[in-house]
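Two complexes, one shared chain (chain A), two partners (chain B, chain C).
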Partner chain A sequence: MSRSSLVVLALLLAAEPAVPPSEPHLVAGAEAFRAEAYDKALVEFRVAEALGSTEASWYAAASLLKLGRPEDAVEAFVLAERSNRAATDALLEVYRGQACYAAGLLICADRWFESAGSRAGPRLVPQLKALRGAIRDALQPAQLAPAIDGLLTRGTELAGTRPALAFAIAEEAEALAARSPTRHRQAEATALTARLAAPPPRGRR
Partner chain B sequence: MKRCALMLVLVLASTAGAEELAPRTRALLHEALEARLTLPTEPPSLQRPVLPPSLPAPAAAAARESTTAATRAGQNAAANRAAQDVANGRGRPSDPSESARNAAGQARAAEARATGGNGATHGNPNGPPPGKGGGKP
Partner chain C sequence: MTAALLLVLAVADPCTAPIPPGQANAREAEIYVQVGDAEQARGNAGAAREAYRAALTRAPGSVEARRGLEAVCTPAADPVQAGANALADGDPRRALRALAGARGRGNDRAVDLLEGIARYQLGEDAVAVPLLESARSDPALAESASFFLGLIALRRGDGDRASRLFDQAGRAIGLEDAARQLTRMAQQEGHLVLSVATELVYDTNVALRPDGAPITIPGPDGSAGLTIMGLLRPWGTPGPYLRVEGQLSKQFTLDELDLIGGAAALGFRLLGSGGSLTAEYAYSYQAVDWRGYLADHRAFLGGSLLTGIALWGFAYAAHFETYRWSELEDLSGVRQVLELDAGLLPGGGVRITAGYAGTWDAARVQNLSYVEHGPLLELSWAQGPWMLGVRGALAWRPYLAPDPAYAGTTREDTRYFATTWVDLGLGAQWSVRGTARLLRTDSNIPDLNATEWIFIGSLAWTGAVL
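The block that comes next holds the complex of A and B.
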């Protein structure tokens, strides 16, 4: 073996894959989440996020849901998706669906429960199916118009300060409008959603 | 020259993927989420729930005060540890840059304020109230 080959070998052995700085915080966040210390988990995930982990954003969103802050969770899930769409899985989708459900965004909840249901395990599938059935029953045509009005008001209010949350709300209004027999304020909802859609990506965050 | 280039490529290839989540970390995260997964039991409603405000800008002063309260209550022990960790660069030999440290510190402070501040009103270390996504099945 030549001398340069030995040098290469030595360098390869020395160059262990570095542990990303966010890793210990993700581990600490997972432990805190498991211990139901969701406030601590949220802090750890936020620190991991600040240190460059885009995956941490998904777990921060789940922690927000557990802290009883469903709107913040919905917003965090939208932002997590925008920064790293690939980092989600069926379990995170169930959490996301729950955030939407608790925030009263039923079409959004249905969408994520459906997506998760196609990949979830046998324990979850019937529960998700039951939830989706209940959502279908709750979407009574007579109640759609007032719900759309409320969503558009809230979405417009938040458009300037929390565009990601406003986007989720506008999307819900748009989806409800499409189901409304009169297409109640559909054009308005579509326009608001389009205005709040994420700007084209400019590379990894 | 060619050998140098090859060497560089090999070394870079060996360190590539350092930003990937370690399988063990991913498994820990997955297990934690799975262990605490609970599905809502209350019927769905198109009526949007009345939610407490989530740290609006005018509440900044209150949030500053709540940081002290949170510290007193010992709620942000993890936050302090995390910030200390970040500030010291402990456990991260790679390169916690100054800006990353600052960002982490800010994240810690913001969340400590948010969780501490909301703790008095709607934060709940044991999970959300029933019907807010955290009820036991």
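The block that comes next holds the complex of A and C.
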């Protein structure tokens, strides 16, 4: 987590007379994250989340990535996005891309690296560019079909128990199918993604 | 000193370190317990301990937090380790049961590998392959996953794929390597695969001139060759297949040895959990000097059985041969060949094969008929796009009757074969190969002693059309 994020959090605390109960945990999590105590950071962000902070969900996802749990992180990012789409920033998008990359979801990684690249600073841009190049090289047409098969199998397995993670996997399969010269199992991938997509908020027309 | 060290360790250990009292807050303590429970369920013991300790800071009397901390600090059976132990015990079904709840704990690729191995051992290759491919995406597991993917390819009878996967098993791989290998696999597994090979050959004794023969008899020559092969597998493997081949070889100087030929084969390949079986009928026809030379109806049966790292193989072929030239008609007959071999795959891209081969050639006349037999040994090594190999064989060939052409002596030959080759893959479809081959015949009729060296350079393209 960046130093500026901590400053922002501190300013918010100072400016807000009635401090929300989640804020001390958010700050404690941020400090633990910066000290690389990711277990503690995850716990504090989860507590902040339970006390009503939707921002904390994004940071919890980043902590999961740092703890070497990329699939859990991908799942947490999906859930964080569903609860508060606007709370992300370029650095969190880089973390999200890294989680996707480590989980073997290359199109997902590419999407977030691309998004982060448009907002990142000059030190990060070349690294993101290199990563995107490696992803582009890895996505050869001949390997798409077995990759799609594997993703659909995994996505279907997880659909009942971990729908948010299954959704990310199904989205990856759908994106790969769109790139496949034969549109390999595209209809199945699209149907699975649609089935696992978050339901629209109630009352919205 | 030891006591002091133990004290330091105890303080550092979150399971035994004292919990400092904090500001009482029962509500927050309850949330920390919930977070601890969730993390414990996910297998994150570190975060769970942090959460329970934080809960106890706020509510020292919390039974739930105390119980949670004790539970997370008690060494529990690790399902991944239990699965690995079951595999080591040779019980893949127990391994699958142990691994059933192991996912979602930050170690899913390792679970994929272990489950893939268990599925492979149970003969469930279709389930094993995606799991092993998933495990192969983790560089730390790529070698092991490639090894078992290679075993599956071997079980399917896809030697080329197996070879390349075993090559991978000997080293860590990067994304580019994986992509290249996957491309090759896809091409070799197409329903219609075409292969075109060109070669340049230099043969020191193209007409098998005996040692010390007059130089007026044809000696060395070179040639250029072209071979085109099409393989149709409408339903993939296992299933039926049709193979069609065409071959042309043009000598540089000895035009009378120019060769053109064609062959068509219809076969079926079966796959089992531990091996494969192939049956094939083929017809081939060759013309030398643009005159019909040899027609061959061939029945073939071959198979392999995998046990551990050993691969047992057999191949039998019966050739019903008809020589078209009048001066060679007596060579026509039935030639049967049987080879039994055993291969070892010790790792590092090395394959060692030893076997014994026999041939019974029943020609029209007894003095041209023989029974030949002898051992063979092959050693190959693959690393990256490179493959090196050497093969040696020895064969004793006693003929079945005295030969009137050699003063009534019954001919007895000892034949020596040695071949070495180097193969380099150039991307997904192209490959080049250099081969050197030695054939030596020692006969009890000195006029038949002969030595032949053959040097071949070839360039091949293989690709899936469908």
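The rule we apply is simple: the second predicted complex is superposed on the first by the 184 of 205 C-alpha atoms of A that agree within 3 Å, B and C clash if a C-alpha of one lies under 4 Å from a C-alpha of the other, contacts with A are read in each partner's own complex, and residues count from 1 in each chain.
As a working rule, contacts are C-beta pairs under 8 Å (C-beta built on N, C-alpha and C of every residue); 3 or more make two chains touch, one makes a residue touch a chain.
This is a predicted model, so every value here is computed, not measured.
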Fit-or-clash call for chain B and chain C when the two complexes are aligned on chain A: clash
Dominant contact partner of chain A by residue count, chain C or chain B: B
First (chain B), second (chain C), both or neither touched by A:94: first
Which superposed partner A:104 touches (first chain B, second chain C, both, neither): both
Chain B versus chain C as contact partner of A:149, first or second or both or neither: second
Touched partner set for A:33, first chain B, second chain C, both or neither: first
Where chain A meets both chain C and chain B, residue numbers: 39-40, 42-43, 46-47, 50-51, 67-69, 71-72, 104, 134, 138-140, 143, 146-147, 150, 154
Chain A to chain B touching residues, read off their complex: 4, 7-8, 11-12, 15, 17-21, 23-34, 36-44, 46-47, 49-53, 55, 59, 62, 65-73, 89, 91-92, 94-95, 98-99, 101-104, 106, 109, 127-128, 131, 134-135, 138-140, 143-144, 146-147, 150-151, 154, 161, 176
In the complex, chain B residues that touch chain A: 3, 6-7, 10-11, 14-15, 17-19, 21-22, 25, 28-37, 39-40, 43-49, 51, 54, 57, 75-79, 82-83, 85-86, 91-96, 100, 103-104, 106-108, 110-112, 114-116, 118-119, 122-129, 131-134, 137
Of chain A, residues touching chain C in the complex: 39-40, 42-43, 46-47, 50-51, 67-69, 71-72, 104, 134, 137-140, 142-143, 145-147, 149-150, 153-154, 162
Residue ranges of chain C in contact with chain A within the complex: 28, 31-32, 34-36, 38-39, 42, 44, 46-47, 49-51, 54, 104-106, 108, 129-130, 133-134, 137, 175-176, 178-179, 182-183, 186-187, 428
